[in-house]
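Chain nomenclature is as follows: A, B, C, D and E, assigned in order of appearance, with residue numbering initiated at 1 for each chain independently.
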Amino acid sequence: MSIEKKEFKPLIVAFCCNWCSYAGADLAGTSRLAYPAEIKIIRVPCSCRVNPMFVLRAFQRGADGVIIAGCHPGDCHYTSGNYFARRRMTMLFSMLDFFGIERERTRVDWVSAAEGVKFSTVMNDFSKKIHELGENRRLGDLRCKQTIDR
Amino acid sequence: MLQKQQLQAETIRRISGVNTRKCMKCGKCTATCPAHSEMDISPHRFVSMVENNEIDALMSSDSLWKCLSCFACVERCPRGVEPANLIEAVRVTAVRMQNRNRLLPENIPSLLNNKLPQQALVSAFRKYSK
Amino acid sequence: MTFDYYPGCTLKTKAKELDIHARSAAEALGIKLEELTDWQCCGAVYPMAKDEIATRLSSVRALAASRDNGRDLLTLCSACHHVIKRVNNDMQTDEEIRTKVNNYMSPETEYHGETKVVHYLEMLRDTIGFDTIRQRAVKPLTGKKIGAYYGCLLLRPNKVMAFDNPENPTVLEDFIRALGAEPVIYPYRNECCGGYISLENNELSAKKCDQITVSALENKADMLITACPLCMYNLDANTNSEHKTKLPIVYFTELLAQVLDI
Amino acid sequence: MQRIGVFVCWCGTNIAATVDIDTVVEAMKREPGVVHSSDYQYMCSEAGQSRIRNAIKEHNLTGIVVCACSPRMHETTFRKAAKAAGLNEFMVEIANIREHCAWIHKDRTEATEKAVVLARTAVAKLNLNKPLTPGTSDVVKRALVIGGGIAGIQSALDIAEAGYQVDIVEKEPTIGGKMAQLDKTFPTLDCAACILTPKMVEAAQHDNINLITYSEVDSVSGFVGNFTVKIRKKARSVKADICSGCGICTEKCPSKKAKSEFNMGLNNRSAIYIPFAQAIPNVPVIDRDQCIKFKTGKCGLCAKVCPADAIDFSQQDEIIEQKYGAVVLATGFKPIKLDNFDEYSYAASQDVITSLELERIMNAAGPTGGKLLRPSDKKHPHTMVFVQCVGSRDTTGCGKTYCSKICCMYTAKHAMLIREKYPDIDVHVFYIDVRTPGKNFDEFYRRAAEDYGVNYIKGMVGKVAPTNGKLMVQGSDLIADRQVIIEADMVVLATAIEPDQTAKSLATMLTASIDTNNFFTEAHPKLRPVESPTAGVFLSGVCQGPKDIPETVAQASAAAVKVVGLLSKDKLVSNPCVAGSNELLCNGCSNCQHVCPYGAIDYVEKEFRINGKIKIRRVAQVNEAVCQGCGACTVVCPSGAMDLKGFTNQQIMAEVDAICR
Amino acid sequence: MQTNNRPVKEIAQEIFAENQAERILGWKRGEFFYDNSPAVFSAADELQEFVYDAFCGSNLSKFLVKEAAKEGRIAVLLKPCDRYSFNQLVKEHRIDKENVLPIEIDCDGMVDIDKVRALGIKGIKSISADGDQLTIETVYGQKNCSKEDVLLLKCQTCKDRTGGDRFALVREIEEMSSVERYEFWRSELSKCIRCNACRNVCPACTCEKCVFDNDKSGIANKANSDSFEESLYHMIRAFHVAGRCTDCGECSRVCPQGIPLHLINRKVIKDLNEFYGEYQAGADDSSVGPLTSYELDDVEPDIVMNRGGGR
């Protein structure tokens, strides 16, 4: 087994609400505003669909960062979804912090369908932060990690 | 100079508890003030001058000593600005400076009459002197 | 029922009538007023600046003493009522003032605004009831037209004083009715008489007093009543003599005692 | 096990330039469930779609993944293609390898790797997809309009014109609302009655409109397309069907001490009354609190004089039940009470009036026959003061925090009309700001000031003191920086407006949300301003927020279009991606109900057979016609009973796993 | 212990005597004097076994989910802390209130036998409480100790009795550095044997089927493959009870490994209070909880990044 040091390639999961942030990501694409390829987007109807279990699952399976993007408060397609998401994620992040998981591994941001630039900026910034933090060792589940090279 | 005024204005805003930005410049305070005829700076201008850190002019204003503390402006302000608190805060700031006591004990005897209630004296000292 | 009673300095000297009749009337109506021992002057003006701590202490001492006695604190002078009630409110709501005051006094038990401050008129209205007074009226003032002069301190700011409708108060009018007289409603009954400024600028005070008395006379008042020694002094000293003869001004407690025939 | 086909689109060079298509196609062949993987230059073209259709048939596919542009672009296209080949349209997943990959990454290796991940994520999700069928429900072709003011009338007329039945429920004895009380309307100064009453008549005579006046909504159940509404028809004590509206009863009625509501209490009316001459229906109503017959048992004069024998003292409230496909809320407004603003002496002096009272005084059919007279002594006034923003823009809790929007303009109107008719009257207007956004609005206001000499004073009034038969108005003139005292004969207060008190109870009945000021909330503040978040409930007029007549009418028509759009459908097809509860897991805790923005979740007591025993449990049931599929409920469900079709917990976790593999 | 100066047992007897309920949910003596356990009594003579003393720590509310669904009215004895759980369960419709007669009883703290033993007192035969003092009969004679020193962890910071700062320990952990916190929890949670006692005793965990037992939930797992998987279990559990946990402290009381699990819930409660205003789950049986409501001007999630505490 070689102990060659590999370059750290983080894995970032982004949950984007269908109505604002996913469309914002589309706009970033149409405008050719680059952000790192390590960011992979999962489409959900609303930020309130994101169960904290999904975030924990991502970390458990080896994600190095998780970001949730939704409509700006007041603009939710479903009027109140992002308000619930805001409370839930605040509580989840605080709990993760309490367990000693690095605070910066999680983030919530509000990106509208018109904010392609913001989408790209937020993703670049978040990715930069995850690069600084390095690999998520504290929450990764070893059992899952081993299956990576199948 | 400007910096000094800014600091003073900050103190005034703090000790008065007044958020001058809440003022929507409707002028109801000035409309309501029973002492307005004696004032060189109207209550509504007090609010905007503190907001704009124009403290020197306020400190030398006669209005400081004309406010009756009747709270009519506080009661009627539609935005909850409390101009009377602001005027008192400026007055207090003025009085606290050296040699700025307005009412001196040596002036009292000439003001006395046998009907004057104690509270008139006490309140005058509280309002006009350190 | 027993209240702790805070007379204040003026009621001990220049406003004895306000005090004496209040005590006798209360006694006649079955209310016991226990004068607080060792009360100090409240300072006569409420210190609006939040960093004025020492000027709040005498009020807090009275309030804390009343709390320890387990009684409500009854006041009579408008100025004292205003100052004590507002300082009490500070102690309830302003954490910074509360901490500083308690640090200053280091009392055995910290004071947090537990005491209820009651004005004599509130006691008449809420504890005794104006109906009772009407029934007890031995010499009702039938046919008298009396104007109530509220002044500022009892009513404002309503958010803290919570005494009556600040723009259209009714407690003194109801009181006047209970005495068998007819209340005169005139628009300047809640406007300031300029009492606080009478030492500094009695010209302005005179102007304000004039506005009040003219308005009361125009609405056919025979006399004015007040609860405030400073208003009393000011209206007396700064009203022109012509109006003064037409419109005597007395403390409301004097009339109460008179009607109860004490 | 699914049989999945993967179709990778080149999008010309848009994708193919940065993503190695072959690598993606080959990688997908190794994914579980995938039985076919191919590529084409333009998948969205007819040729591309036909390849998909053929592959579905040829390989007997159960689902397809299209790796192409954003689903927001062509998801519908590919779903149609799948459907055409006999596949359920919800067995289609899109991997967005254009906007989210090819267009933003330059490095070919990196982009290809990411495309593979995105594709396998879609495959992972599709493996768990289930065919979904959109639910359908019938639409009752009838609309209910609550409120018979100009907003309600306009909405009803537009819906009726489109050929649908409409009921207007109005709580007062007549339709017409606040507009009927107005004298003239800004900025054109045409008379309100002249433009309103024809509309009232039109509504009354329209074959498709049914007026239910003197009635209130008692309860509402059901959902979009199928509301069941109970309406309480209050007893008029007059048989509306045989009354001829001759009005003899109102003339002969001996009880004439009730304050006229229509004239803002400025004069009296009889106990049996018709609110105003042009009332519709023109049928009197007996005010039972005032009627001598009802109070003492004696009298009954109206019954004696009625030529049609229409008086019925024994009439009872009646409950009507009716089904509706859509509901329009047009409950309007009222001026606030002025109890918190006694400094203006509204209660102390009769000559201090609200603007709506002035409308009645100026109106030819009003209590003074249109002559401007002081209410106290019926004398001609010489000086009038208008005060703006009375109770509006007040953050102290005494009034309303918002701008009532209409006051600036109607005050300009009042001032102008007075100066025009009585040039001898001095008119002063105290204002904080004059707000005149609107067509010809600012010109109108400036005309009042410039051509008619209305004295606009920037400042506020502090006190109005009734003195010697005059009103001493103490105000500020901020431009001159002085206090002014104006000796006025009349003071007119531009009183803030607030939603009618019925809004709150209706909001509860309809689960239509209201804001802190009790205005109805719109589904989206910009894009869905005439819909309530509750499907099938629409908003018309001031009940949604302060607005003037043209805006109200515009919104009323917009709401009508929305209603017509809804009623024109025979069936409502609902989005099948809705929440559903697994009743066996449901705890009955109500958490989901609390967070549902649409009131789509109900609870029922249901019998279950558990281990041979019958057990009654409280379980959640989602009304699929009402649910919009946000998923808020799924997260608060502790047992995981609540799930969202199309975005199930398992599907999303499979996506997470696929990305993190 | 007494309530309204009457022995609780007398109250229980009265319930049967006056036919107020058909069954009573209370505690009965266990094998040892210190392991009293919850029990349902359905006749007066069964009350011989009834006990209410300093070892009745267990919260009876949860048992009502099953018991109240059965035929016949049931009376339940609720200590002040248990009352919250009761209300919360009523709020969530888990208990049919109509079928329950709640009896509030006084409590001056429950004793942790392990803490008595830790004082070096051996051969304990019985313990009786006399005000603040405990009298301990041992085979080596009588011993005394202060009750305050041997209270159950949850009783030391009782919401109703002491008014002590129940968040002190949470604060201490917050002040640690991120790595210290991680190590703290890693070492605590690595002790977890996944016996599920915390879940089984928790009055907020009354799901028809727990997600951890449901293969379809995607998070079901019975055995741990890595020590930190346990923290996921506890995180998910804490999140599931967030806003509903009344801080009854049962989780820590029953943990055989002595993991301070209640601290996780307290952290959540502390955050909810700080972010969204004071809220006590179960203070009433109708209010809507903080995670099923919102305000337009709630704090943004980045408050977690920007506030104090160790990094």
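Of note:
Keep in mind that, in the parts below, a contact is a pair of C-beta atoms (placed from the backbone, for glycine too) under 8 Å apart; a residue touches a chain by one contact, two chains touch by 3 or more.
These numbers come from a predicted model, not from an experiment.
Common neighbours of subunit C and subunit D, by the contact definition above: B. Connectivity of the assembly in the absence of subunit D: the other chains, held in place, form the touching groups A, E | B, C. Most remote chain with respect to subunit E, judged by CA-atom centres, is B. Centrality annotation: D (chain centre taken as mean Cα position, compared with the mean over all protein Cα atoms).
Per-chain Cα centroids separate subunit A from subunit D by 36 Å.
Note on chain placement: the centre of subunit B and the centre of subunit D lie 48 Å apart, centres being C-alpha means. Residue positions of subunit A touching 2 or more other chains: 52-53, 57, 74, 80, 84, 88.
Annotation for subunit E: residues touching 2 or more other chains are 218, 291-292. Of all residues in subunit C, those touching 2 or more other chains are 167, 191, listed in ascending order. Pairs of chains meeting the touch criterion are A-D, A-E, B-C, B-D, C-D, D-E. Partner subunit C is touched in their complex by these residues of subunit B: 14-17, 34-35, 37-38, 65-66, 68-72, 74-75, 82, 84-85, 88-89, 92, 102-103, 111, 113, 115-124, 126-128. Contact residues on subunit D toward subunit C in their complex (touch as defined above): 339, 341-343, 345, 347-348, 463-468, 472.
In the complex of the two chains, the subunit C residues touching subunit D come out as 165, 167-168, 185, 187-188, 191, 215, 218. Listing the residues of subunit A that touch subunit D in their complex gives 11, 13, 22-23, 25-26, 28-30, 32-35, 37, 40-46, 48-54, 57-58, 61-63, 74-75, 77-81, 84, 88, 120, 144, 147-148, 150.
Those residues of subunit E lying in contact with subunit A across their complex are 173-174, 178-186, 218-219, 225-226, 228-229, 231-232, 235-236, 238-239, 242, 264, 267-268, 271-272, 275-276, 290-292, 294-296, 298-305, 309, 311.
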